[in-house]
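Next up: the structures, one after another.
There are two complexes below, and they share chain A, which is joined by chain B in the first and by chain C in the second.
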Partner chain A sequence: MDPINTAMLIFWPAIFAFLLFTFRKNKKAAQWANMVFHLPWFWFLYQSCLLWRSSTADGMFPIVFNSDFFPLLKSNFALGLDGLNLPLIGLNVFLSFCLSLYALGKEKLSSSYLALFALLNAASVGSLMAADAFVFYIFWEAMLIPMFFLIGIWGSKNRVYAALKFFAFTMLGSLAMLAAILYLWVQPDIQSMGWHSIAQLGLLGDGLWSPRFWVFCGFLIAFLVKIPAWPLHVWLPDAHTEAPTGASVILAGVLLKLGVYGIARWCLALFPSIAVLDVVSFTMKVLALAGIILGSYGALRQTDIKRTIAYSSVAHLGFMLLGLFSFQLAGFQGAMFQNIAHGLSTGALFLIFGIIYDRTHTRELSDYGGLGIVNPRLSMLFVLSVMASIGLPGLPGFIGEFLILNGTFVLSPWFAFFACFGILLGAVYMLRIVRGMIYGETSSVLKSHPIKLSFSEWGSIIPMIIAMIVLGFWGQGLIAVTARASATIIYNLQGEILR
Partner chain B sequence: MIFEGLRWILLAPLLGAVLNGVILQNKSAKISGLVATLASLVAFGFSVVACSQLSGLNSAPEQNFLIDPLFTWMSSGHVYVPFNLELTSITSVMLLVITGIGSLIHIYSISYLSEEESPWRFFSYLNLFLAAMLVLVLASNLAVVFLGWEGVGLCSYLLIGYWYKKPENTAAGMKAFITNRVGDIGFLIALFVAFSFFQTGDISRLAERVNDYAFLSSGVPTWAWYTFAGSLLWAATAKSAQIPLYIWLPDAMAGPTPVSALIHAATMVTSGIFLICRVWPLFAMSPVIVDAAFWIGMSTAWLAALIAVSQTDVKKVLAYSTVSQLGFMFVALGAGSPAAAFFHVITHACFKALLFLAAGSVIHGMHHKQEMSLMGGLKDKMKITHVCFLIGTLAIIGFPLTAGFFSKDMILAKVFAAQGVFGYILLLGAALLTAAYMFRAYTLCFWGGARSEYAQKAHESDPLMYMPLVVLAFLSLFIGWLELPEVFGHFTKITDWVHSSWYGVGVGEQAHLSHLAEWLLMLITSVLSLTVAYYSFKIYQRNPEFKILPEPLHKWSTNKFYVDEAFELLLIKPSMKAGRFINRISDETTFNGLANGSFRFTRLSGRLLALFHTGSVQTYAWHFVFWSSLIVGAIFLWTL
Partner chain C sequence: MPIDFFDSSIFYLGPDDWKNLSPFILLFAGIAVLVVAASMRAKDLVLRTLSFSFLSGAAVLFFASLLSQGRFFLGSSMELGPMERIVAGGICLIAALSSLYVRGPDYARHSEWGALLLICVLGMCLLPTARNWVAFFVYLEVLSIPAYLLSALYSNREKSLEASMKYLMMGAFVSCFFLLGISLFFAVSGSFKFEAISVAMTAAAGPQQFLCFTAVALVFSSLAFKVSLFPFHFWAADVYQGAPAPIASFLAGATKLSVFSSIVLAFSECGLWDIPGVSLYVKLLGVLSVVLGAVMALTQSRLRRMLAYSGVVNAGFVALVLPNGLSVLPSVIGFLLVYALSVLICFAVHEIALLRLGRSMDDDLEINSFVELKSKLSPFYLVLLGFALLSLAGIPPLPGFFTKYVLLSVLAKNSAFLLLAVALIGTFLGLGFYLRSLVPMALYPAIDSKKTNSETSSSGASLTAIAATVFSLLVLFGFTYLQGLISSAELMAR
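Right, the complex of A and B next:
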């Protein structure tokens, strides 16, 4: 339970990224090494869970690791661990492991691909745990670079455009955050750039257009781009569509979730007095609803399967944004739950479709049909993931959406009502994919490209499916993890509302 | 009282589904069917045990149920959902119907699907359906009911699309799922109201809220009650196929016939009515909504009956007849008598399952031809099926002393008591139409001469198929004796069961009728129904082409009153178009345009500035001199 184990959650993938470069000559060895490298990572995760369980620290975001980083910047290398980031770290490690199985035997996935992936993991886990504004910013930006190359090099036809768009959008968002961080840094009474000292910062005003409001907005914009909230979402369909399978999975499973996590951690928890302003919360709920409804219609309009799934993410992440700004425990925990649920279901959809795409090299829905005859088992898993994605009870998506909407209904029943139509539309666009892809007579593309899965490919999907089923019924296990951290945040927010 | 056997009732079919769908995947209908049937029978056995446990219970009305606490599904803030199973008396009847008729239909399916390529898929879905349906009826919390509610919707979707190579089947499955999702929005809103205003989703605690004066005076807005009841009604109109959301059910007949019998006639489609019966004390708090149920039911009963008289596909006739009968049940709810509605749920489950299975036997014998214009004269070739179909037909039209007679009579009496003679006459009209179209279907199938070579070569099905028919025919004849009209004696099992499942919350039934009125109503109904049935029988023997409705009603009826087309034209297309248009304008034109525009701007300005970077020192020197002299000159002029 040494805290260094927790720090190793970040350092270990960074280290094995460099180790992977030594396998430059031998692709197969690199892929196997990549898989084996995940095992110590799991061990560090396990140790961190033990650390979290034994911690009795009160208050928000307990720091588990702290060392001098850059005194001049008033910055410490501080890492925190609580119920908000632990599940996401778990999801990151889990998805990355599944993808390491998927990568076995793939001709295209060289050691540099795997190394970039490991760096991406280090950066994403880093930004999940960072408890210092500068450290957070560095990790946040560090995620961009590997992702940029993953899309730009290993992507499909239109990859350069997608990579640039992804980079430009997120970079612009991050600039707003950097401005906010720098503004905090020049405050005379700030002790350090640590999360806790920012939380205690006075003298910034409380109302609309106050300095605190602008700092809040600076952070918020970066996260809204990442989520991505409507109308900043236009980078997502391109990035998802062009990205290689692994990058799509991690993008949907982890990177988007960092936007939700960021809002919870760096906006709602740090500046509750701004978050509860009517203008702010109303605008956010409108954007969330626009994301849900227009994102769903966007998904309906696509003929490209990956693009449809990407648009479905816009709709799902809209739900999470709605939950965050419901200011109810149920809504907030629902958003945290939906983070994991969406990571699993959309991750599985991208992975299964990626496996099919590896063989057929077409994403057009009209090229498919009759997968149910060609590979009934894979079709079954695909339908199951679809059902998880559209929120069928018994699978995790339902618990997330249900809690979010229940939370939203308390203060803004009309938003909850209209968001329900997102659930309806979700069924429409997803069943359209099922019908076009799995049902019907076997298409010529599927006739000429047999879909036979290797052992490791099954191995990469099945853990995700099992996790979904378990979480669908035993969701309380996960809800309980986020309970304490969420309750503190909601308590502060509701206190601000009453004030 | 805690009774841990309840979990096995739903675990057995769930295990059967996993065994068939994931592990065995056996290509023989005999093996996979046997596994599924066993699972269903085990569930039936546990149900019988549980029901006898319940009836042996001698406790106060508030505690007159068995409970099996399992685990906490979710608990966050004001949303606390324990996953508990609960057996009340109304549930116990439902349980026997689901597992009993379910087992019969499993047995029947073994033979019906013997020539299929992948029967394991069918049996796995069918078992999964049983598990979901059992969750729906056994759940103690409305959120868990919703798990079953959506679960049965999923199984219905999968089973309608079972023959998935045909595009119309998959379209029908999708239509069913999506229409049901429209209703699920209603269910979700009811849940939101329950959790945020009534602070619980447990049905027992919700029922207690009605009598809890401290709670009632704590300022729950009136609209919360109305919203709760209204959204439940909304949910029920989708699942139980009422106007305007009934459109999925006739299309759902694309699935195999045993599915139509089990899911789309006997069990799933009645779950909306069952749900309202269960939460009746809360539902009855909103009289406007109860009235709405009456008129929705009445118009559905009529509309569906008017469509049924002109259908030529035997399964379509039965489908519209189901919609119409479900309308009768809604009318009963609207007349303030959940007991009558529930009674009709039970009798309808028996005789409609019988009719569908008998029709399935005919279709099986006719090499999967369903058009009645190809049938005729089957009464000699399929003797057992013929008798069973006749019993089903008699039961549905309310032939004296059959099951349908008692339940339909109860509904009509309640309507007469609650809504007066006008409501009674309206409903009687729908009942007479039932007699007309059912005898039309019966005569066209079994009487006259064979109208095609399929009909000539038709043969009786094997015992595996007709034995379930015989059992169901027996039930259709005698299950009505569970509840007798007052003039026959005081035997009201169904009313007692329904009333004792509200956790001691008493809700009065409507006023009683005098004995004379009861006798008269019974007489009028029976005589008129039988007359209509007789004439229908005579006319269709002579002229199979006879049209009951005058033109242009007949044409509208054959085209289902253009309801599907109206939905398509007025609702689906405009909303899809608008959504796509807005999405195109916002995403592609505006925001992508802005993004790409700013890329272009950056690139262009870069190119423009690059023009100055020639690399030649002379040019730089020239620029330096030119621009600096320009600036210096400007400053000089400014200061002058």
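Right, the complex of A and C next:
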């Protein structure tokens, strides 16, 4: 339970990225080594869980690792661990492991792909745990470089455009965050850039248009781009569509979640007095609702299957944004739960479709049909993931969305009412995919490209499906993990509302 | 009125003074040796080894004296403090790394390149130490004249001659600006010494203030030419493109490092930032350089021209923070060191690429033709080039991010949020051109073209690229240390 194990959650993938470079000559060895490298990572995760369980620290975001980093910038290499980030770290490690199974035997996925992937993992886990604004920014931006190359080199036809668009949008948001961090840094009474000392910062004012408001907005914009909230979502469909399967899964499963996590950690928990301002919360709820409705509409209009799933992500993340700004424990917990649920279900959808796409090389819905006859087992898993995505009871999506709507209903019943249509639309566009892909006559594409899965491909999907079912029936397990951290944040927010 | 830029103290030197002067003496010795070697038509390798060892020796001496020696004065012609030593050491380092990849028949024909390079370095190292304007002008010309000659080293190639001609003509023109400016200083204060001018500047009132402003504007404009700030940047693209690669990469980084730190020192010592209008003028040039430089860089299709305009943008970033006085110097030095090393990597990899593709040495590769490289160049060099470009773009966790962050934090500290916004916009536009140059080589699939002559050795250029990468990482680690050292030393001295 040494805290160094927690730090190793970040450093281990960075180390094995460099080790993977030594396998340049032998693709197969690199893929197997990549899978084996995940096992110590699981060990570090397990140790971190033990550390979290045994921690008795009160208050928010307990620091588990602290070391000097950049004294000039008042920055320490501080890592925190609590109920908010631990499940997401777990999800990251888990999805990455599933993808390492998927990568076995894939001709295209060379050692540099796997190494970039590992670097991406290091950066995303790092930004989940960073408890220092400057360190957080570094990890946050460091995710861009590997992702840019993953999309740009291993993506499909339009990949360069998608990679540049992804980079430009994310960077634009990040620069707003950079301005906010610079502003915080020059405050005379700030002790360090650590999360806790920012939280205690006094002199910034509390009202609308106060400095604190602008700092809040700087952080918020970066996260809204990442989530992505309407109208900043336009990079997502392109990035998702063009990205290789692994990058799509990690994009949906971890990177978008970082936006939600970022709002919870760096906006709501850090600046509760700004978050509860009517203008802010109302605007956010409107954006969330717009994301739900317009994202669903966008998904309905697509003929490209990956694009449909991408737009469905916009809609689902709209739900999470709504939950965050409901200022109720149920809504907040729902958003945190949905984070994991959506990561699993959408990750599984991208993975299954990616496996099919590896054979057929077409994403057009009209090219498919009759998958149920060709490969009934895979179809079953696909339908199960679709159902999880729609939010049917017994699967995790239901718990998340129900909690979000439940929480939203308390303070803003109309938003909850309209958001319900999002669930309805969700069923429509997802079932449209199911009908087009699984039912009907066997299409010529599927006739000419047999869909036979290798052992490792089954091995990559099945853990995700199992995790979905477990989470669907035993949601309390996850809710208990996030409970304490969420309750503290909500307690502060509600205190601000009453004030 | 006596002209007072010589002091009697100059004529007695104790043993400590010799220690302080030792790096300069080493450079002088190097110049002498290289002149002799050039006249004996020494071999390429000999010249390269000699200039590298003298330059790196000087760099080591500068950095070593940082730890052991205190402040050193030579009248008002020279003041050596920790910052001046760091700047000088950095310049010698950049020059040494540049001299590593000098190669080819053109240099054999002009074997005087080593001596010229060292003279140029000498001028650059002396420039920040000047404490009167006459010495400043002399050092500036010692820096400039070899630079004109070095740009024309490919004397049978049109581009190189054009570059040198443009550089020389405009340089001569702005030298007149400079002389007019400092004579106005003399008119106002009756002295060329920074201390005397500082007194006169505080006393100036009414129409005299306008005279002061004119003087400062003239001086700054001529220095802005050296660092290629908009609208004095017109030579930059041609020199970056036409001059021999080692020379261009050296001039790009080292000139900026030397001249910008001299501006900070000289203008603060003279108290010029307090004259109404001066800081506005400098910031205006900075804003224009950042925005227009970025726009122009976006339209370039060739790597070296793109780097030239990115140089305008980076000079603009520095100009934005300049008017905040002496305290910005460490951040400026750190920023420009990383800039210089990154440019060095780009040029060195570009040189390797030219060799592998069998192109002529004064060629400037189209960004799109980097696709051809994928099958010829080891991915290692592409990674280095990517490192340099992304570092220039300021993306964490690369060194360029940290230095840019420290630089821009000066703006935040002074609540100059409008300028900060301009700088962030410039950074964002910068992504456009840096990423665009990365795209063909990183993202497009390799095309198999027939093998061309790739037998020529490129070990010098690879060495430069690798060493520059290592040093730019070292800047990062040394940065905090340097900042502490400098601020404490400065506080003690002033």
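The rule is short, and it goes like this: the second predicted complex is superposed on the first by the 499 of 499 C-alpha atoms of A that agree within 3 Å, B and C clash if a C-alpha of one lies under 4 Å from a C-alpha of the other, contacts with A are read in each partner's own complex, and residues count from 1 in each chain.
One rule holds for everything that comes next: contacts are C-beta pairs under 8 Å (C-beta built on N, C-alpha and C of every residue); 3 or more make two chains touch, one makes a residue touch a chain.
Keep in mind that what you see is a predicted model, and the values were worked out from it rather than measured.
The superposition on chain A brings chain B into a clash with chain C.
Using the contact criterion defined above for the overlaid structures, shared-chain residue A:A168 touches chain B and also reaches chain C. Of the two partner chains placed around the shared chain by superposition, neither chain B nor chain C is touched by A:P463. In the superposition on chain A, A:I438 contacts chain B only, with no contact to chain C. In the superposition on chain A, A:G370 makes contact with chain B only, while chain C stays out of contact range. Touch criterion not met for A:P62: it reaches neither chain B nor chain C.
Look at A:G105: by the touch rule set out above, it reaches neither chain B nor chain C. Contact with chain B, but none with chain C, is seen for A:N406 once the two complexes are overlaid on the shared chain.
Taking chain B and chain C in turn and counting the residues of chain A each one touches, the greater count comes from B.
Of the two partner chains, neither chain B nor chain C is touched by A:P3. When both complexes are overlaid on chain A, the residue A:W474 reaches chain B alone and has no touch with chain C. Among the listed stretches 273-281, 579-587 or 615-623 of chain B, only 615-623 clashes with chain C once the two complexes are superposed. In the superposition on chain A, the residues of chain A contacting both chain B and chain C are 164, 168. Residues of chain B touching chain A in their complex: 21, 71-79, 83, 118, 121, 143, 146-147, 149-151, 154, 157, 161, 164-165, 167, 170-171, 174, 177-178, 181-182, 184-185, 188-189, 191-193, 195-196, 576, 579-580, 582-584, 586-587, 590-592, 595, 599.
Per the touch definition, chain A reaches chain B in the complex via residues 164-165, 168-169, 231-232, 234-235, 293-294, 296-298, 300-301, 328-331, 333-334, 370, 372-373, 376, 380, 387, 392-394, 398-399, 402-403, 405-407, 409-410, 413, 416-417, 420-421, 423-424, 427-428, 431-432, 435, 438-441, 473-476, 479, 483, 490. Touching chain C in their complex are the following residues of chain A: 70-73, 112, 137-138, 141-142, 144-145, 148-149, 152-153, 159-160, 163-164, 167-168, 171-172, 175, 178-179, 182-183, 185-186. Every residue of chain C that touches chain A in the complex is listed here, in rising order: 379, 390, 395-397, 401-402, 405-406, 408-409, 411-413, 415, 417, 420-421, 424, 427-428, 431-432, 435, 439, 442-444, 479-480, 483-484.
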